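Shared between the two complexes below is chain A, which pairs with chain B and chain C, respectively.
Entry: the complex of A and B
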């Protein structure tokens, strides 16, 4: 096993508010992870602890095998791109890139400037005069060109349009293929990034509720739609994560793969089977975790 | 890409389709896993898994240091597989549906002819 992050029983409390509760997971080298969940679920708190910007209340945290706090061996291999990164008032884009070059030992200057061209950033413009999308682009450029062994993007694309986001995914995949490293993408644009991810972590209410290979998750849940009684009959004995009804119709989402027999049975009952996207799955699982127990108790 | 099946399976199927319709001739080089990943905007590990599925079946083979190639006879083997699949997926279901409607095998054959001659 080549784990670059190991977290065991990690908990973070702010006064009497529990932000992260007993979370354990590991990040393996050279994979792209998705850290998913609703706003306020605790994703950012976890990232802050991994990057030594917050202390855990309890639990164990190792990054590159060591405690990250004031540990330059660890921190020099980390790059954390925050949604709300602040810059000194007089900094221009070019100044940010110059400083980044001194921070990150693996910095690729040529790559950084190629990205500046791709994202059409004005190098001489002051950071405080950039649009929201341009600010995000600067973060993306720093994150990619840092080539840090662990690069974390926390909601990196506020204000970026679909074309620029697609450009980000393209450059990320190209560069990752050439220079494998561990990437963590934290986002609520789950459908957009789901194809990029190798592994998925879902945080909800401060807890880790899913830790699974992305490909394993695909087709892991299904929705059947049809006459209520028949849909209910089909769902008996299955692990139901969501149900909706409208008049005599019901739609039930459950975990578990459907085999040929299941499909045949559904067809005979006149039920329609629809796939469940990763985004829908995360939404359903999060809702369930939030105490909407009646949905599963039935 | 659809959400109901693993992406690596879908990647393997697309390569199979390209081999069957001749877009990827036998003994020609196929794109690298990184090229597949970039083209479909998917994780390179996923693309590699799809390609390896076909390597395991002997449809593709590796030449060390050069890349991945379509094996000789790959097309014929895939066609054979697809025919079997066609039988299971279309013929069997068609016959069971026909039985429900009281259509005899002779009537079914007539219908197929009629379908074939449709302008």
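Entry: the complex of A and C
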């Protein structure tokens, strides 16, 4: 069995709203997943349920083949780094690292301290006095150095600048190559992480609206750029998701693969074919989901 | 690797909260009383010792607020968290009670040269050293676990749940007092207590029983408490 997470019909209801509705998916071992979607879409709730920190209203949830609740065989292999992680007030950075070492069986101390240097964290400073970015850096260090078989990062970089974020991506990829494990990145900075992701899950309004290999996904939409009239002509009959124009030039993005015929036609029209960003695709799919919902409501 | 011992270590990392602050607070109360006793002719007995007990009650409340989201967030099993926390509280009570008994013994010999009774008090310190230790231990542990229990109610049911709990407790007490009064029961209770005066050690045993109940109730509350 290669699936380390298996979710079937997972639903979470709060008193007056449904946070997660009938979600099913599986996560395979040793892959980097993107769990994408708008704020409040239900991503965090799902991750809380996977790590047994919140409880499903209905549905089945298996992690490493077992129910995660109060199960140390599962829990000791999980690391969940979330933006809202709390630390004891009197703790210093070094205390968090010391205790994390005892919580996570695969902890790599050397790696942790190398990361502390990379992120220039003051080891002796109290957690309470860290800036938002430094607090995020502590979470990232714990998440990476834990080497947990399933490591989940939920919006891990609030307050981190672009340099620190790219440091995170670099270290993540380097370490992932040496120590393969399953990593879930939940974020709305989709473009930034898109090159890391091997598989993409999109949650919208509590529902799973996309579960697709990242490579596959990239080919599912295309953009053509060229003279406005010719671009429009090329786009006729296609499902347009985005349109931009500047002077006599237009750029049109549409769903669907381009086959050899299409490419030839585009070439003849003097159009350029450009790749579509994952972010655009996700935004479009979320919008379409919204539209479907409204249509059903009507 | 044992995750219960990790939880104990997690608590003990807070040296300030568990090993320094209680004694700083008790110490300042002691110093003030010492000063007063030095200026007063008559022997002085004070209840300054209560400061460390109240600190422990607050410590119990705060410990859950500070460490529960931290530990559960780092995928510690709830059961391990609870057992580790109760073990830590027991250890802290054991050692704090030893310190208090030693200070009481010094006081009994010296009265600190100013006739002050701060650690060695009538009734509480009636028995031998072991009995004295038992009394301190029982009160201390019930304060810690009691605070932890109150915090568990808050964690599970929020502010309103806590209000509801205390309203219910005061209602039950009021009804009990009313029933006793309506039946002219106070005299009978007074007479019974006079005939069977409980020793401090017996009271302490009662407090420990209460701690066990608080501990178990906290387990039920935290079992399904989200983070």
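The definition used in the following text is that the second predicted complex is superposed on the first by the 245 of 298 C-alpha atoms of A that agree within 3 Å, B and C clash if a C-alpha of one lies under 4 Å from a C-alpha of the other, contacts with A are read in each partner's own complex, and residues count from 1 in each chain.
Here is the rule we go by: a contact is a pair of C-beta atoms (placed from the backbone, for glycine too) under 8 Å apart; a residue touches a chain by one contact, two chains touch by 3 or more.
It should be emphasised that the depicted structure is a prediction, and the values quoted were computed from it without experimental measurement.
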Give one of first, second, both or neither to describe whether A:214 is in contact with chain B, with chain C, with both, or with none. first
For A:197, using the defined touch cut-off, is the partner it touches chain B, chain C, both, or neither? Pick first, second, both or neither. first
Scan A:275 for contacts with chain B and chain C and give back first, second, both or neither. first
Touching A:31, do we find chain B (first), chain C (second), both, or neither? first
Quick one: is A:103 in contact with chain B, with chain C, with both, or with neither? Answer first, second, both or neither. second
By residue count, which of the two partners contacts chain A more extensively, chain B or chain C? C
Examine A:86 and indicate which partner it touches, taking first as chain B and second as chain C; both and neither are also allowed. second
I'd like to know which partner A:176 touches here: chain B for first, chain C for second, both or neither. first
Chain C-contacting residues of chain A that also contact chain B: none
Which chain B residues qualify as touching chain A in the complex? 1-8, 34, 37-38, 40-46, 49
Looking at the complex, which residues from chain A come into contact with chain B? 31-32, 166, 169-170, 173-174, 176-178, 195-198, 214-215, 218-219, 222, 275-278
Of chain A, residues touching chain C in the complex: 48, 51-55, 70-72, 75-76, 78-80, 82, 85-91, 95, 98-100, 102-105, 142
Chain A touches which residues of chain C in the complex? 1, 3, 5-6, 9-10, 13-14, 16-17, 66-67, 69-80, 224, 226-227
